[in-house]
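Note that chain A is present in both complexes that follow, paired respectively with chain B and with chain C.
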Partner chain A sequence: MTSAVAIERALLFALAAFLISVPWSIPALVNDFWVSVIAEILIWSLFAASVNLLFGYVGLLSFGQALYFGFGMYGVAIGISDLGLSFWPAFGLGVAAAMAMALVTGIFAVRLTWHYFAIITVVFSLIVYFLALSNKWLTGGDDGINFTLPATFSLGGKSWSFTDATFQYFFILATVALCFWLMHRLIGSPLGRAFLAIRDNDVRASLIGLNVYRLRLIAFIMAGFLAGVAGALFAFFGRYASASYMFYHVSGDAVVWAIVGGAGTLLGPLVGTTIFILVREIVSTHWEHHSLIVGVVAILVVMFAPKGLVGLWHEWLTRLTERGGAAAVETKLRTEP
Partner chain B sequence: MDKLLLLAMNGLIWGLIIALIALGLAIIFGLLDIINLAHGDFFMVGTVLAWATLQSTGSFWLAFLVAPLIGFLLGALIQRVVIQPIHNVAALSIVATFGLSLILQESVRITFGPTPRRILPPIQGTVHLFGIDYEVYRLFAAVVAIAALVGFFIFLHHTRLGTWMRAVRHDRDTAIAMGVPAQRVYILTFAIGFALAALGGVVAAPITTVDFRGGVDILPFCFMAVIIGGLGNLPGTAAAAILLAFLEGLISSVADPTVARISSLVLMSAVLLLRPQGLFKGLTR
Partner chain C sequence: MSEPVLRTEHLTKRFGGLTAVDRLSFSLAGGRLHAIIGPNGAGKTTFFNLVSGLLSSDGGRVYFLGRDITGLKPHQISRLGIKRTLQIKSVFPQLAVADNLWITAQAGERFLHPFRPATRDRGTREKVERTLEQIGLSALAQRQAGTLSYGDVALLEIGMALISEPRLLLLDEPTCGMSPAETERAVGKIRELARVIDIIIIEHDMEVVFGIADDITVMAQGAILASGSPAEIAADERVREAYLGREEDADYVEEEVHA
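Up next is the complex of A and B:
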């Protein structure tokens, strides 16, 4: 098992080294365009991580995370264009708006579980989506709101902002990495253990004295936080916000990315998101029907790697390093009530 | 007043068609425990098959036979090849049906093309009804939808296969112990679900447009019907579909269609939170 840990640690270092080198290595190898694709992958994988936090660690399948992503986007866009906020207050407004919305909807949603939870989350997101579409004065509807970027830091006469592509990339990388690190710490903490207990058996969890409703609500708000940060970053990245990002297809994408990558694993969402966005970017320039490949890949993965690609990799790695040893301890993801 | 009546009639008839599609969704949901995200696309495939039949044979009527049949076969194939191997694990089935939805939409976009098309109603003309001139085809569509609904319930309650379906839904293990071939019932259920949606597509094709994105709007509506009618309550689902479409038709006549959609969604949330067993409790389990 130690060698498996060593291999994974080496891979993690390689990944970190690669991500840090991107602004120099990628333009040298391919071109500048791919730096922004990788930045976009990082943002969307944070969004997929919010699905993963709920489904992979608490056992609640949310089909409405796009709502909190959209609130992150609109918090930033309305903060800058209507309220005249600068970078950090707008960022804060976006994240706070997403968390507040998660609190309000979560109070109702986490009373339900499983099918009902999946449906109520998508219903809530659809209600707000239609409200956003019909209140064009505030949201700009499908066209959205464009805004001009404020500076992120200004010190003396110098300022740094997202207009500098390298700064933009590192800001996104640092924020996403920080969120993943927080999630890693969370899972190891007593709170994270309580989440896992609820995922594996909510009746037993309540019998040992855990307040299942409150813990689910906390997880829901935390997932809202992750989606809100992702949405705020995406607003800065694209310099706009649009109601179309609240539609249920966006939520569905995140569910697919998280489950294909591996629900209940920290980096599963990153793997899933990377694969699907790479397919989209590489294939769509040659062939407009890239969704066909996305659909086929999604079906093949759930048929042949039900624990996702990271789950498959873990199984493969344990078998490789523990050949002839004791049977590997399998982490089973509870998917039925 | 005339406009109101017209919209109410349209809503009612649209509700009957939706009831057909939602019934397909409800049996798949109830029996296989699958949230079928491709169900709207099953409907869309039905509309495209209607268009293809009309183009290749010149007869729209043939589509009423061809589309449900092809839908039935496709449904059986999909269940056997994709759904069965994932052992009805609900989370995986959501991803699988999402993938299926993309595959169906893209396949139609490749073969049929990205531009929406219209089919002329095979019965032209209007009839004078309650003081308004009403399209004959819409009345015909209502008759077909009602006939199919009645036929489905007769099938479910008065044939051996229908009894098997109800038995597996009620208690799978006992049903298997009594000799019911559960796997075949699953295939049959998925196939009938697809066939019902495809039939809905044929009936609706001359009323709406034929478009590869045609299922995207239908799907949330069908889910609303299934939830408001009560999970597993098939007559409730049909009733809820008609009620919802009728109400949306009425509200659309005085306000924006978006307002109508928001009100049904709010109604659905209230039902989910307050009466998760559905509005019409007690007809079946």
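Up next is the complex of A and C:
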């Protein structure tokens, strides 16, 4: 067991080292374009993490997370172009708008579970999507809103903003890493355990005294926070916001990414998002039907690896490091006569 | 006499045309282990579901320590100190045995910390370790609850009831599906528990019922048929007819009475 933990820690360290080195290593190895692809992967993996928090840890499958992503985007874009806000207030507005929307829709949605929950989340996101399309004066509709980037930090005449590609990359990396770290803390906390209990058995959870409705609502707002941060980052990254990102295709992508990567594992969404965006970037230039690959991979994973690729990896690693040990433990642990 | 621990007045539950619990008035005095028996479909589990809030009643009221708890949500009733086990064993299958106890111990807290490691709570850790020892599952603490044997799951459920420090414990067929050895262990545990908390137990195993109960209530068709001490119940003609009519059970009851 300890060797498995050591291997995973080493991998995590290697991942961190790679991500930090990206602005220098990737241009040297490939070109500048791939730095922004990796930044994009980071943002979308945070979005997939919001699906994962709900599905993997609370047992609620949301097909409407794009709604909160879109609110994160529009909060930033409207904040800057209409309200004249600077970087941080606009960022805050985006995240707050996403969380507020999650609260309002969550009050109704988390009364339901399973397919009813999935359907109501889609319905909410479709309603708002069409509202956003038709209210062009506010949202710009399909064309969206373009805005000029404000500086992120200004200090003594010197300023840093997303126009500097390296600064942009590190800001995104730091924000995404912080969110994943918070999620890691959450999973190990009393609140996180309560989420897991509800996922496993909601009737039993209520009988031990957990307020299942309120806890699901809290999780839903937290997922709205993650999606909102991702949306706000993506708005700064693309310098625009568009209603098209609220469409349920976007929500569905995140569900596939999270499940293929591994729902209920912290880094599953990162793995899933990475694979699918790499496939898209590499294959789509050669073959227009690249989504076929997405479909086939998704079906295979759902059939053969219910805990996704990360779950498969955990299983394999445990078997490898505990070979021979498992059987012995089994016989030793039996206490029944 | 002091206020009964649990009291129901004309409690009623209908499922369509079927009246599962029919104007049931029940009273549990403190300090007694009370068993509810009755044929299948008598409304025993429905009665538990009404008391614990999993079902809402169609009429009547439930009082716990004098407080009207009719219509409260399951988690609110649980927090008042009424805990229960389910007939179909019900734990958190993907969590480790220790984590099942851990979350149960922490569930009653008003504020669940979102970021501090759960394992840092030393009081809870000691409670979990003590409970694991009490139910004899210390060696299986890190096993996923879903991989346990049926008897061990039942013991874990009793452990979860135990760690939440209930004032009233509702056990729904706790020994159902257990091997004789497991049953013996569970019965010992229940008897031990009954010294400190009030317990109502639904049970089909007559050996268990007559072995541990101070009082027995017999239910049939949603109502109370008879109520009294094990000897009185065993001697009751109506009970014999309605429920204990089968030869082997009747013989057994004879033995118990004469023992």
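FYI, the second predicted complex is superposed on the first by the 326 of 337 C-alpha atoms of A that agree within 3 Å, B and C clash if a C-alpha of one lies under 4 Å from a C-alpha of the other, contacts with A are read in each partner's own complex, and residues count from 1 in each chain.
By definition in this document, a contact is a pair of C-beta atoms (placed from the backbone, for glycine too) under 8 Å apart; a residue touches a chain by one contact, two chains touch by 3 or more.
What you see is a predicted model; the values in this text were computed from it and never measured.
Visitor: Aligned on chain A, chain B and chain C: do they clash or fit?
Guide: fit
Visitor: In the overlay, answer first, second, both or neither for which of chain B and chain C A:248 touches.
Guide: A:248 contacts chain B only, not chain C.
Visitor: Which chain, chain B or chain C, ends up touching more residues of chain A in the combined arrangement?
Guide: The partner with more contacted residues on chain A is B.
Visitor: Now for A:136: first (chain B), second (chain C), both, or neither, which partner does it touch?
Guide: After superposition on chain A, A:136 lies in contact with neither partner.
Visitor: Considering only the touch criterion stated at the top, classify A:9 as touching first (chain B), second (chain C), both, or neither.
Guide: Neither partner.
Visitor: Could you tell me if A:126 is touching chain B, chain C, both of them or neither one (first, second, both, neither)?
Guide: The answer is first: A:126 touches chain B but not chain C.
Visitor: Regarding the shared-chain residue A:319, is it in contact with chain B (first), chain C (second), both, or neither?
Guide: A:319 contacts neither chain B nor chain C.
Visitor: Per the contact definition in the header, classify A:294: touching chain B only (first), chain C only (second), both, or neither.
Guide: Touch partner of A:294: chain B, not chain C.
Visitor: What angle, in steps of 10 degrees, lies at chain A between chain B and chain C when each chain is taken as its C-alpha centre?
Guide: Seen from the centre of chain A, the opening angle is 80 degrees.
Visitor: Under the stated touch criterion, which partner chain does A:208 make contact with: chain B (first), chain C (second), both, or neither?
Guide: In the superposition, A:208 contacts chain C only.
Visitor: Mind working out whether A:55 is in touch with chain B, chain C, both or neither, as first, second, both or neither?
Guide: first
Visitor: Look at the superposition and give the distance in whole angstrom between the closest pair of CA atoms, one from chain B and one from chain C.
Guide: Result, nearest C-alpha distance in the overlay: 13 Å.
Visitor: Touching chain B in one complex and chain C in the other: list those residues of chain A.
Guide: Looking at chain A, the two contact sets intersect at 335-336.
Visitor: Note which residues of chain B are touching chain A in the complex, please.
Guide: 33, 35, 37, 82, 85-86, 89-96, 98-103, 105-107, 109-110, 216, 220, 223, 227, 231, 256, 258-259, 261-262, 265-266, 268-269, 272-273, 276
Visitor: For the complex, give me every residue of chain A touching chain B.
Guide: Residue list for chain A touching chain B: 55, 61, 108, 111-112, 114-116, 118-120, 122-124, 126-127, 130-131, 133-134, 248-249, 252, 255-256, 259-260, 263, 289, 291-292, 294-299, 301-303, 306, 335-336.
Visitor: What part of chain A is in contact with chain C in the complex they form?
Guide: 182, 185-186, 188-194, 196-197, 199-201, 203-212, 215, 332-333, 335-337
Visitor: Would you pull the chain C residues touching chain A in the complex into a rising list?
Guide: Result: residues 52, 54, 73-75, 78-79, 83-84, 86, 90-95, 99, 102-104, 106-109, 112-119, 121, 136-137, 139-140, 143, 149, 151-152, 160, 164, 179, 181-182 of chain C touch chain A.
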